[in-house]
Amino acid sequence: MVDHVPLGPPDASLNPRYAGFATFARLPRLDEVSRADIAFVGVPFDSGVSFRPGARFGPSHIRESSRLLRPYNPAQDVSPFAGQQVVDAGDVIANPFNILEAVDQIEHAALALTEQGTRLITLGGDHTIALPLLRAAAQRAQQPVAVLHFDAHLDTWDTYFGAPITHGTPFRRASEEGLIDLTASTHVGTRGPLYTTEDLRDDERLGFAIISSVEIQDEGLPSAIRRMLTRLGDRPVYLSVDVDVMDPAHAPGTGTPEAGGMTSRELLSMIRALRAVNLVGADIVEVAPAYDHAQITGIAAAHVGYEILSAMTPKPE
Amino acid sequence: MVDHVPLGPPDASLNPRYAGFATFARLPRLDEVSRADIAFVGVPFDSGVSFRPGARFGPSHIRESSRLLRPYNPAQDVSPFAGQQVVDAGDVIANPFNILEAVDQIEHAALALTEQGTRLITLGGDHTIALPLLRAAAQRAQQPVAVLHFDAHLDTWDTYFGAPITHGTPFRRASEEGLIDLTASTHVGTRGPLYTTEDLRDDERLGFAIISSVEIQDEGLPSAIRRMLTRLGDRPVYLSVDVDVMDPAHAPGTGTPEAGGMTSRELLSMIRALRAVNLVGADIVEVAPAYDHAQITGIAAAHVGYEILSAMTPKPE
Amino acid sequence: MVDHVPLGPPDASLNPRYAGFATFARLPRLDEVSRADIAFVGVPFDSGVSFRPGARFGPSHIRESSRLLRPYNPAQDVSPFAGQQVVDAGDVIANPFNILEAVDQIEHAALALTEQGTRLITLGGDHTIALPLLRAAAQRAQQPVAVLHFDAHLDTWDTYFGAPITHGTPFRRASEEGLIDLTASTHVGTRGPLYTTEDLRDDERLGFAIISSVEIQDEGLPSAIRRMLTRLGDRPVYLSVDVDVMDPAHAPGTGTPEAGGMTSRELLSMIRALRAVNLVGADIVEVAPAYDHAQITGIAAAHVGYEILSAMTPKPE
Amino acid sequence: MVDHVPLGPPDASLNPRYAGFATFARLPRLDEVSRADIAFVGVPFDSGVSFRPGARFGPSHIRESSRLLRPYNPAQDVSPFAGQQVVDAGDVIANPFNILEAVDQIEHAALALTEQGTRLITLGGDHTIALPLLRAAAQRAQQPVAVLHFDAHLDTWDTYFGAPITHGTPFRRASEEGLIDLTASTHVGTRGPLYTTEDLRDDERLGFAIISSVEIQDEGLPSAIRRMLTRLGDRPVYLSVDVDVMDPAHAPGTGTPEAGGMTSRELLSMIRALRAVNLVGADIVEVAPAYDHAQITGIAAAHVGYEILSAMTPKPE
Amino acid sequence: MVDHVPLGPPDASLNPRYAGFATFARLPRLDEVSRADIAFVGVPFDSGVSFRPGARFGPSHIRESSRLLRPYNPAQDVSPFAGQQVVDAGDVIANPFNILEAVDQIEHAALALTEQGTRLITLGGDHTIALPLLRAAAQRAQQPVAVLHFDAHLDTWDTYFGAPITHGTPFRRASEEGLIDLTASTHVGTRGPLYTTEDLRDDERLGFAIISSVEIQDEGLPSAIRRMLTRLGDRPVYLSVDVDVMDPAHAPGTGTPEAGGMTSRELLSMIRALRAVNLVGADIVEVAPAYDHAQITGIAAAHVGYEILSAMTPKPE
Amino acid sequence: MVDHVPLGPPDASLNPRYAGFATFARLPRLDEVSRADIAFVGVPFDSGVSFRPGARFGPSHIRESSRLLRPYNPAQDVSPFAGQQVVDAGDVIANPFNILEAVDQIEHAALALTEQGTRLITLGGDHTIALPLLRAAAQRAQQPVAVLHFDAHLDTWDTYFGAPITHGTPFRRASEEGLIDLTASTHVGTRGPLYTTEDLRDDERLGFAIISSVEIQDEGLPSAIRRMLTRLGDRPVYLSVDVDVMDPAHAPGTGTPEAGGMTSRELLSMIRALRAVNLVGADIVEVAPAYDHAQITGIAAAHVGYEILSAMTPKPE
């Protein structure tokens, strides 16, 4: 916690929101402060995608789409920029032509940024980046972390075209590497067809429970939230939000859209419930701006980031 | 009530809906009839916006998007063009370079149009226009009116860049001017971050209760509708619908979109419930066509206008 | 049922989903197999529309939008490509300048394709095509069929501009021709204005019950599904899905959009419930790609097709 | 020529260009004046297209795209609204389900509108409408007219799917009917593949010379203009402009686009040269708004209409 | 001229162009260097527009669109980042609700930024901003400057709605204030209709010659360039580029588009010719991103900025 | 040359162009004929891009955009489908996660397809694919080939992020491997900034001459064509067309757009001039559909393919 007034966004009643270099929520850059409690950081990398590419432009798109965010969050009754220093740490450099090198670059960048206890909210990029981010998170937590994974897909597949590390495989690799708490990890919002029934058995063995998009509709949001919180318990939680967890109506700008998804309102409600949870890090991935319209995907992602930040914010005493 | 058969839209089985000059719902122009019971009127003005401009093109966009509306509304069991004369009164001229003059022009135009008892459904334009429209409505009602305000935002902020009259401030100014019934006014659908906790205290002091977007999701639509109707009672009600009350999925074409909004179906249901209410006037604002896609925002706005009209229509005896 | 391993889509872990000629779900073409149990077939015809044309490009758009579909459907616990031969039969030729000839061409093509017992899932095209498809379905079923009709509109109007066969009239004509089971047919998802109260009376007389979009919201999906299944009973059912049954947020790419529609998740849930029903044929119509964005309408239509196929798939014993 | 001051568009320094019902160039409607010298009229009809439909929305799109036109044309040194009465006559009703009936409706409407000597500039609609417009023009001229035809295509094909009257055949039918001056008619801007070499022979026999898009590039605009004017001579000329004569870069919003087209600047220059010609009527067709972007096709069409009007305007004495 | 190696953009073979906060051409920010020879600066202001607003988002859009610019310009044989310090100075704050205050803010910001001899290339914003920028430029030059003005329009009109300072009037006001060299100023690329013949007479009296878009086509680029350079001579020149000087095909993303414009290739060629000229400052205005597609307007504007910068760069000795 | 009537596209006056599975120009598939003289083949691969990805969807997009192509090409007076068998050979499988493996897959596929003397016109995909295609072409030609390269960029850079084979390096690698005739290869249409002056020296050393976009404008198309043909002589020529050689107005749907490019008309004219040249193979690359609008890039690419095919077609004796 900072012992001086943290630097926040400029006053929007004097500085137009559309003015100035785009940082997340118009926050200060990391180099403008001495230390950060929480940092947004971009990972413009999409060489792990199997269908529509373009998430390499995700970080800049989410930043441009976050200019309307304001300092007080009534839904969580918290002012997330006020009692702690929040920054935008810019973008991690990741080699677009070499997945393994990129994954290393991301892991090292994440470790460097968290050295002083800063927590990260990462803006992707495709879902491949969750693997190096989980490696760093587990190392910082000094234990496997519970993965809370919002996504239309399981992302626990094995290989594509022989490649072990792609956007469809991060959680299988992470589970195999012992980074994941096998008793607490959860997918939320999954739907759509799979390859075989095997997929579900593998997934369970790798440590995941499922709260599907249809279950949220059928059992209701309060019940789904209770199931989610019960499963997570008080473990350290790494949150990974693939924007395709939302219906394409709410998030057209993504790489592997599936009909039948969650509304943005449901997603934000579930994230707000994480106020009660020990969040050690988070990512928001698969924003592909070339397929977005009027920034609706970018704005949803920006709100997700803001609610994650708020959930990470300590309650004022 | 007219004592002859009112002039309605041309028969769509003989006149293609895509043919003819665009008026709202293909209704006659004001100059084609001797007198109107209800008039749609455009206010193409957006110089009060703080973020994305473009609502100056709202009226023509909503008109083009309303060509599919038909004469009988089964949801309210009413034929709103049948027992009364409904028209499109064209656009009010408002100076784009002088907010104060524009606000005066709008107030005078609204007073002129309502002189013979015509009720107005105004197509904006940005939310600035609600202030002069409320001035005219309160003058015609000869009392403060209950404001029913659908919006993602409170719009009771004080000033931007020193300007007292903008699209973020109409209801504060209206409350200060005594135009609003402080015991009955209500925001519906609000969400997203604010500036400070002060915003909520100010808002309550200015006369507003809140039914938020999340509450509609969590408590259910019937309960939200009951709360709304109880709050409004039998007062004269001025209805102001900012299309950003809908989720950006349903209304991308707007100036300050926020994720987590209402569906168009919820919004239309709440408006239909106003059949029981004494509606003295209404506006539909913040349609910014440059950000719309396939007219989905325009179509939603057109349906909102049609349901408001139906709710204003007297029940056949 | 095939007595050898059916030919399915190529393995997506070796063949990129974006590669290869577009067939529905990357299925084999009809000419690649000896016989098909179920065939997707396109009818690129839109000369029956009264508002926005463009559905003639629907079949190719849905095919391109279906590349992500995978072989196992966990929501119905079925692998629809595994125990039966499913194909893409290409497009029917229909004269764009002569509705009556086109309708004949479609009927004959449907009869030819179903000669060996193949069931069809037709990709439109505008809703005009439901009439010849129903003629073929009733002839194959040797009895009137129950029509289950998802749509914003009734499509039981009489004539437009004197034309008896258009996209607004197929179910009136079908009812008049005795193709429809008058005790079981149902519209689901209707909403929006009509011409007169007569429309509803006619519609009932022509054999239809209604489960409206608002009723699904208000009574809840389980109740709506129960009503639908009760109405259908064990009759042979022809399913016709106009994508405008979904809200324009979920299906902007269509010809006569109406606000206040169903979500794609609700629609898919209702179609999954048809697993219990005797589906003899189906169509998915009114996808107008020029108004689509990022294929969201196409993707929703593709998922509808996939769930219909799954519902038609016999349960493994 | 009017003997009083003609009614023109409202003063744009007091009436915002984006305000008011959309008429072409914000001109008065026909019903606002006693008589018109020149009338813009819409024909929203596109049932004759063989590829992308949507030109039925052309008239309203061109009107919305014409709001920026101002009263003085320096390129022709003329004020076309000043010395004559110019109006927007609204839209002709044409049956979308019956080409033959539609063609009759259009011919009769054109004859009715030109009864008092009014000349028409018609906003299409697809190119089918040129046939009835030529019938009316030839009847009014009491002789065959020279057709000056800007288009990527010849539009002298014979039949499609057995239909003699479509958007690919108007000039063959017109030639067969004796409406066209066989010694003076000319295509400008043609390019792209044909069916057979026969097409060119037929076309010549039907009365047309060709100035192709590549010839304009290679021989230069002045030479092409000279050839055009020499060919036309002092005959009565009917001008038909298919916007696909422009490159898709300049006119994406059209039905059968071909690469390699003219620039809008070249097209406008050629039309200005018609000041020297006896123009008896004109049309601007094949604007398909669903494929337009930022109104660039609509704006080009509006400028084409404005230059035609200016070329028709008598020189002040 | 700097006496050390200037700070340039990061090496694109190690830092992906799509990574990092968006500055113009990925240049350093002003606060990262001690002093700048040339600064790009944004003025996000569009409250002076009479038609389509949205140029307030111009600066951030041009920055995002400039990521591909590389350090060596073969067309001018110069490395503009190498021998001088070039920076991005961020955005000037301008009150969106008060044109007069905004104009003052812009003038003061321009004077402050140029205090140490820095030359500015300003990214608008609408054309209103040329007035305060010219005030600052003339004050720094200590004499009237020759205005070289690329635009479809004259922008020497008098008032709109009584407002003397709007995007249609900057050069009339500047001329009246004595900021402009009346013997050398020039419009290039004008076209389209005006209000009256008076407009041209006024314009000439205010000090401008015209090289129209059609003249460039008809006399050829070399002749037009010669005329431009002869007119400018060796005076201090302020260059103002409204992107609507390009045809809407090349620059759809602008506020008052007119057909018949220049190609981007012609525009860049003319700007390159300014290498021989004494450029004291420049602006690029009227980029309205909401109407752009695939950044084509933004990319053209970025190239214009790069060529201006190159033309300002001293030749290596 | 075939000794029977080649199979061509279906008759468009009976089979709507929008119907049927999309093959290039509605040509037969390779598996429908016994042998092909010329084959279009797709290579959906874009893992070599340094900026905007998405060209993996290029082949299907070009196919959909080629439905309007007709059998007779008047500009070259040839019917390219008539005297030889032309087919669409479908897509080559290329690993998206391993550039080296992909390059091998493409080379082997090209060799396999050309084994019987078939010439290839390849639809990319990003420019990386030119390397393996050149390897196959040189092997088939049994000598180095003259590369005729239309592109905004040189594509003779060395490495990005250490990777030797990307879309910016194919012609350096090809030159180093001895695949290129160093006395005849040529870039056409280059423009925009480079890294250093070294780039030009390297490029010349690697065997390339340059005809820049500005030179085409300044010296005129006939002179540029003469230079091109003189340089090529009678050598075997491999033609590689990056669609970004066109201005973004004509080809927005591409990965690294640069302002100031060629028109589609100029490009098609230059390709037609290759009728006199010995074309051994060709590619059309860098079509990125997510950035296209109304298929204008796809249509331009389709016409380029059609003119290449026509230029390859032997003159009838």
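Here are some notes:
Labels for the chains are A, B, C, D, E and F, by order of writing; each one numbers its residues from 1.
The working rule: a residue touches a chain if its C-beta (ideal position, glycine included) is under 8 Å from a C-beta of that chain, and two chains touch if they have at least 3 such contacts.
What you see is a predicted model, and the numbers here were worked out from it, not measured in a lab.
On a Cα centroid basis, the chain most remote from subunit A in this structure is D. For this pair, subunit D with subunit E, the centres built from the Cα atoms lie 37 Å apart. In terms of their C-alpha centroids, the spacing between subunit C and subunit E amounts to 55 Å. Subunit E has its Cα centroid 40 Å from the Cα centroid of subunit B. Across the assembly, subunit E contributes 14, 16, 18, 50, 56-57, 96, 160-161, 247, 249-250, 263, 291, 293 as residues in contact with two or more other chains. All chain pairs in contact, by the document's touch criterion: A-B, A-C, A-E, A-F, B-C, B-D, B-E, C-D, C-F, D-E, D-F, E-F.
Residues of subunit A touching subunit B in their complex: 12-14, 16-18, 67-75, 77, 79, 221-222, 247, 249-250, 263-266, 268-269, 293-296, 299-300, 302-304, 306.
For subunit C in complex with subunit B, the touching residues are 50-51, 159-161, 191-197, 199-200, 213-214, 217-218, 247-250, 252-253, 256-261, 263, 291-293.
Across the complex, subunit E meets subunit A through its residues 14-16, 18-23, 29, 42, 44, 56-57, 59-60, 63-64, 90-94, 96.
Of all residues in subunit C, only 46-50, 52-54, 56-57, 95-99, 160-163, 166, 290-291 touch subunit D in the complex they form.
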